[in-house]
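Each in structure tokens, the structures are laid out below.
There are two complexes below, and they share subunit A, which is joined by subunit B in the first and by subunit C in the second.
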Partner chain A sequence: MTLPEYIKEYVAEWAKERGLKKKEIEEFLKFLEEYIRENAVDPWEAIGIVTAQSLGEPATQATLRTFHMAGSAEVSVASGMDRILEIVDGLKKIQTPVMYVYLNPPYNKDEEKAREFARSLEEIIVSDIAVVKEDFVKKTITIVFNKKEIERRGVDIKAVIKKIEGKVKGSFDEKKYVYKIQLPKDMPLMKMRKLAQSLERLQISGLKGIKRALVKKEGDEFIITTSGTNLKAILKKKEVDHTRTYSNNIHEVAEVLGIEAARYLIIEELYKAYMGAKLLVDKRHLALVADAMTARGVITPIGRTGIAGRKGSVLARAAFEETNKHLVEASAWNEVDHLKGIVENLIVGLPIKAGTGRVKLKMKLR
Partner chain B sequence: MASKKRSILDHVFVPKARILSKEEVEEVLRKYRVSKENLPKILETDPVVVELGAKKGDVIEFIRNSPVAGKSIYYRVVI
Partner chain C sequence: MKEAKVYVNGRLLGFHPEPKKLVEELRKRRRSGQIPPFVSVTYYENTNEVYVYTDAGRLSRPLIVVKNGKPLLTKTHLKMIREGKLKWSDLVKQGIIEYLDPEEEENAYIAVSEEELTPEHTHLEIHPAIVLGFGVNLIPWPEKNLTTRLLHGAKMGDQGLGLYASNFRIRTDTMSYVLYYPQKPIVRTRVFKYAHLDRRPYGQNIVVAVIPYEGYNMMDAIIMNKDSIERALFRAVFFRTYEAVERRYPGGQRDRFEIPDESVSGYLGEEAYHALGEDGIAIPETKVKGGDALVGRTSPPRFLEDVAHFGIMEERRRENSVLVRPDEEGYVDTVMITSDENGHRLVKIKLRQEKIPEIGDKFTARMGQKGVIGMIVPQEDMPFTPQGVVPDLIFNSHAFISRMTVSYVLEILGAKAAALEGWEEVDATMGEGMDAEDFEKVLRAHGFRKTGKEILYDGKSGEEIEADIFIGPIYYLRLKHLVSQKYQARARGPVQILTRQPTEGRSREGGIRFGEMERDTLIGHGAALTLYERLVEESDKTTILVCEKCGNIGVDDAIRKKRYCPVCGSTKVHEVDVSYAFKLLLDELKSLGIYPKLKLKDKA
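So, the complex of A and B:
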């Protein structure tokens, strides 16, 4: 067993402070090595069970206490049990998708500039600043702009008109802020409806999917938190620090940054969720969960649709959930259980192949 | 900074990655007594794999920064 690099470095520094001799340092390192070896997990220890219990027990406590956390300021992120379940079940649609956008200088030190950039991120569509009305008899579509909204959001009306004109031609009344489109009389109603709807959704500025962007101070720099995510697009912006910006959607991160990044995010987000509920959990347990969830190269949820439902053994699957389904299917397809895992051996009453059940004694003959 | 080409490999979430040579792969498999199929997997379409230019069957070594062990090495086979 060799010591981790960072412990060696730490000890070296610590010894320097105290002026220890070389021999003493070596002795201490030896002691440390022995200590770590003694505390290491035993060979064949069933760490999966230990992890399951270590994560499950505090989760039960949190459920008993209360399912939700009361009152919190700023962008409220799903927390507590809700969030833990979201991650562990590998949900694609999460309750509160959030991005943490770090900025490059000078944006990260200047609040005004950061704010301006944040505003430019917010997605604005036509229906945010106007009402689209259809007249099916006269075959006209009128877009009535809301002057107040336009001023509040700082939208350039000329650019908006240009965007609309790229789609359909019409006339703009600058006094009334109304855009009128006369359609041909023989246009089918369905087509007209679709056109109106596409006009409503027409994007004017910002990034797709980002609903709000707020500037927040973190340490000595300003960062932007957004509700709604679009990691791929934001990493391309030159104002954004592409080495630190991330979203809390595991699937999105897996897609944009890869499965290893997703694994890291699972650990961090689970840790945050547990710590948020004031539950202490060792990161090694979370790392095991994350490794299991990402071992296939894609995010695999824990539970009957994921890891537990894809076990090789019929009995192990039947013991977990949907017993009838698995037994019926196994008999129909002539499945064989090789009794290699823990659960199946427990069921048939054999010693399990873990812990002391895994090792065999060899006599030393003299 | 802005003049440099942006790569996802620079992201703090992405551990240092490299493709192992054939000899190194064999050594790893021998060391852990496993076959390639037993290694954790990574998709061929994964952004990191694309960036590295790895092909199906390659083994990629990740050097993670671990909070408990300092550094830990992990292997994934491209599928």
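So, the complex of A and C:
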């Protein structure tokens, strides 16, 4: 076994500082290699089962004592068992999508500027600042704006009217803050309802999907935490430090930054979820889970729709879930089970092909 | 306001314009005795509905009626009751005491004690302790313990062996236990008396010393005095009722109670029928052990027509006796012969077994301080006081720290004082029981320390134990969980017919399941061969013949000494070791129309 280059370089630098001789460095590297070899996982060790047990056992404890943080002003993140399941099942729609947006100077030092930027990120739709009313008899749609809400959110009413006018023409009563739309009398009700709904959802400002953005102090700089994620859009903003900005939406990260980033995110998020419940878990177990989930280039959930459902062996799949389906399909497609996995061998009644079951003696012929 | 719906026993009866008046009138009549006392009347204001219930099966409880913040039950009533001039039923008739069910409680505002009465209250509890249940009220000083302990204690109170029913001799419970020498507790609550438990108690007063003893009473184990056990402390008898029906079958065939003879198929041997009398029913007071017949019974052959058709086979009756369970032995106690609802002859036999306390039996004080016997120590090795008192049981002091069962300590103090003074009982009812100070005075007056601690001498060395030991009498229960009915072990034994795997369950001499999670641990360790041994060798290993050509299971014709494949006829069949469950899987797949084939390879 040879050490990776970067470790050798690191050791060389470290040795230089302390003025070690060449022979001593070599000896140290030899010791390192030996040490790593001793601590390496043995061949045919069942790391999958060990990982499953190491992650599963503490998780059973976590369900019993999930705690909730009530009343804190921060953006809350799903924690404990819920979050772990979310990640492992590879859910696309997660309970609490969150971004940590790091800012470029000067925004990261100036709270006012950061706050202003945060406000510009929040997605505002018409129904946030107004009530849309329909009258099916007179065929009118009236949008009644809420003056207080408009002021609080700092929305420019003229821009809003312009946006609405881009969709349908109507008249705006500036005194009453009411926008009235008269539709043709022969318009079907269905179409009218659809129009009203699309008006309700009409985006006025901000980024799509971001419900709230709060400024928080982290160290000596201000960052923005958002509930709701839109990584693609936020990375384009010039105010944002795109090297550090973080989203907890794994599918989004896989799409925007690639599968390697998603793999790293799975490890990080799982680690956070476990540490949040005060459960100590070795990161290498999490890395294995992340590897298994990302090895195909897309996020594969663990479970019958994902990894377990795509095993090569018929017997292993039938033993897990949906027995009938797998057996019938296997017979229809003339599948062959090569008995390479563990479960198959257990079913058939052979020693498993792992651990000591994989070791064979061979005679050395002279 | 709309008219209110009136429901009687859940059915809509009609409407009433003034529900409040209706309810008031009904209650007035109930209190004056014009309507039976157990009728409940409830008015729901939010839904404007009146519910009247008169049917059986509702739980109702008595409460004192309150008017204008004053209970109707007065001192004069109590005096009259004491003098025998007034009875409970009179109070109910006069409307002083009223029965409420949960439904009507919705309309009531019940005060727990007299002090907290306000004009809004409608009822008063008969006693504050009623807010606790029956089981908890049997625990001495319930208010001085943690709730969790009370719950444990109340639950275990039900499991204590005692005199569960005074007619136990003629009852035919499937299982029942009776304690040889049940005693009334010295320290008891008032509920104990009202429940008539003083006539059928459920435990014994024993002397307990609170010390760790050589590690044999750690983790909630307890030490018992061997000599106490030999003096029949906590000795109990266990009855199990066995049943046998002499069935009649369609076609004139019937079972027969008799001593089966050798011609019966499945004959168990002469020894198994030794307890039976001429009528095939066990004779009372004979000793039987597991596997012996209690009722000898033979049944007609199962497939009557088949037998007649061939005519060659002898018509053999089947052995169908009722046997003693494999792990039980004892004496035939009572034999009852009657008939069941179909008119078939029915025999019920009670088997009596003596259950002497042994290591592993479960005991508890009333406040949830349970434990199992960890060691039985001869009296001479037990610690003793200067007066020569030797404890019956040694309880570990560490059991108090987290559980904080104050009433355990108080009970010992109280019982000790009572024993010294000769009191018949010590009242420990919630809220009005005696106090530690009362006992301390008595203890000191008799020359004991007020803490209840005493100097003890080690029974083995005779030396004085350095610490002072808390010792005194306390009421203990023997719980119905006996090791002799629970322990289980197996090396070889019976297997299931279908899967050829070991049977499950203690009564079937079964194995302990090596389950999925246990399997995972062995995989995790990579212990492939250990796993193989557990799941195949020691379970359902079989050798099947597999055809090399077509992959089907072959046949071994032992008479013609020929092995061949029944599908393709090839004689190239090989022995393969698999689990029987796998063979079964293959068979089941075939029966479903799926055609599995095995491909053979050389062992690598």
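Operating definition for what follows: the second predicted complex is superposed on the first by the 317 of 366 C-alpha atoms of A that agree within 3 Å, B and C clash if a C-alpha of one lies under 4 Å from a C-alpha of the other, contacts with A are read in each partner's own complex, and residues count from 1 in each chain.
Here is the rule we use: contacts are C-beta pairs under 8 Å (C-beta built on N, C-alpha and C of every residue); 3 or more make two chains touch, one makes a residue touch a chain.
No experiment lies behind these values; they were computed from the predicted model shown.
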Applying the touch criterion given at the start, work out whether A:Glu5 contacts subunit B, subunit C, both or neither, answering first, second, both or neither. first
Is A:Gln182 in contact with subunit B, with subunit C, with both, or with neither (first, second, both, neither)? neither
When the two structures are overlaid on chain A, which partner does A:Glu260 contact: first (subunit B), second (subunit C), both, or neither? first
Subunit B versus subunit C as contact partner of A:Thr323, first or second or both or neither: neither
Is A:His242 touching the first partner subunit B, the second partner subunit C, both, or neither of them? first
Does the superposition put A:Asn104 against subunit B (first), subunit C (second), both, or neither? first
Report for A:Lys283: first if it touches subunit B alone, second if subunit C alone, otherwise both or neither. first
Identify the partner contact of A:Gly297: answer first if only subunit B is touched, second if only subunit C is, both if each is, neither if none is. first
Set of subunit A residues, in rising order, touched by both subunit B and subunit C: none
Contact residues on subunit B for subunit A in the complex? 1-2, 6, 8, 10-15, 17, 40-43, 46-49, 62, 64, 66-71, 74, 76, 79
Touching residues of subunit A toward subunit C in the complex: what are they? 42, 44-46, 49-50, 52-53, 327-328, 331, 336, 342, 346-358, 360
Complex interface listing, subunit A residues touching subunit B: 4-7, 104, 235-236, 238, 242-244, 246, 253, 255-261, 264-265, 283-284, 287, 291, 294-298
Can you name the residues of subunit C that touch subunit A in the complex? 519-521, 523-529, 531-532, 535-536, 540-541, 577-579, 581-582, 585, 589, 592, 594-596, 599, 604
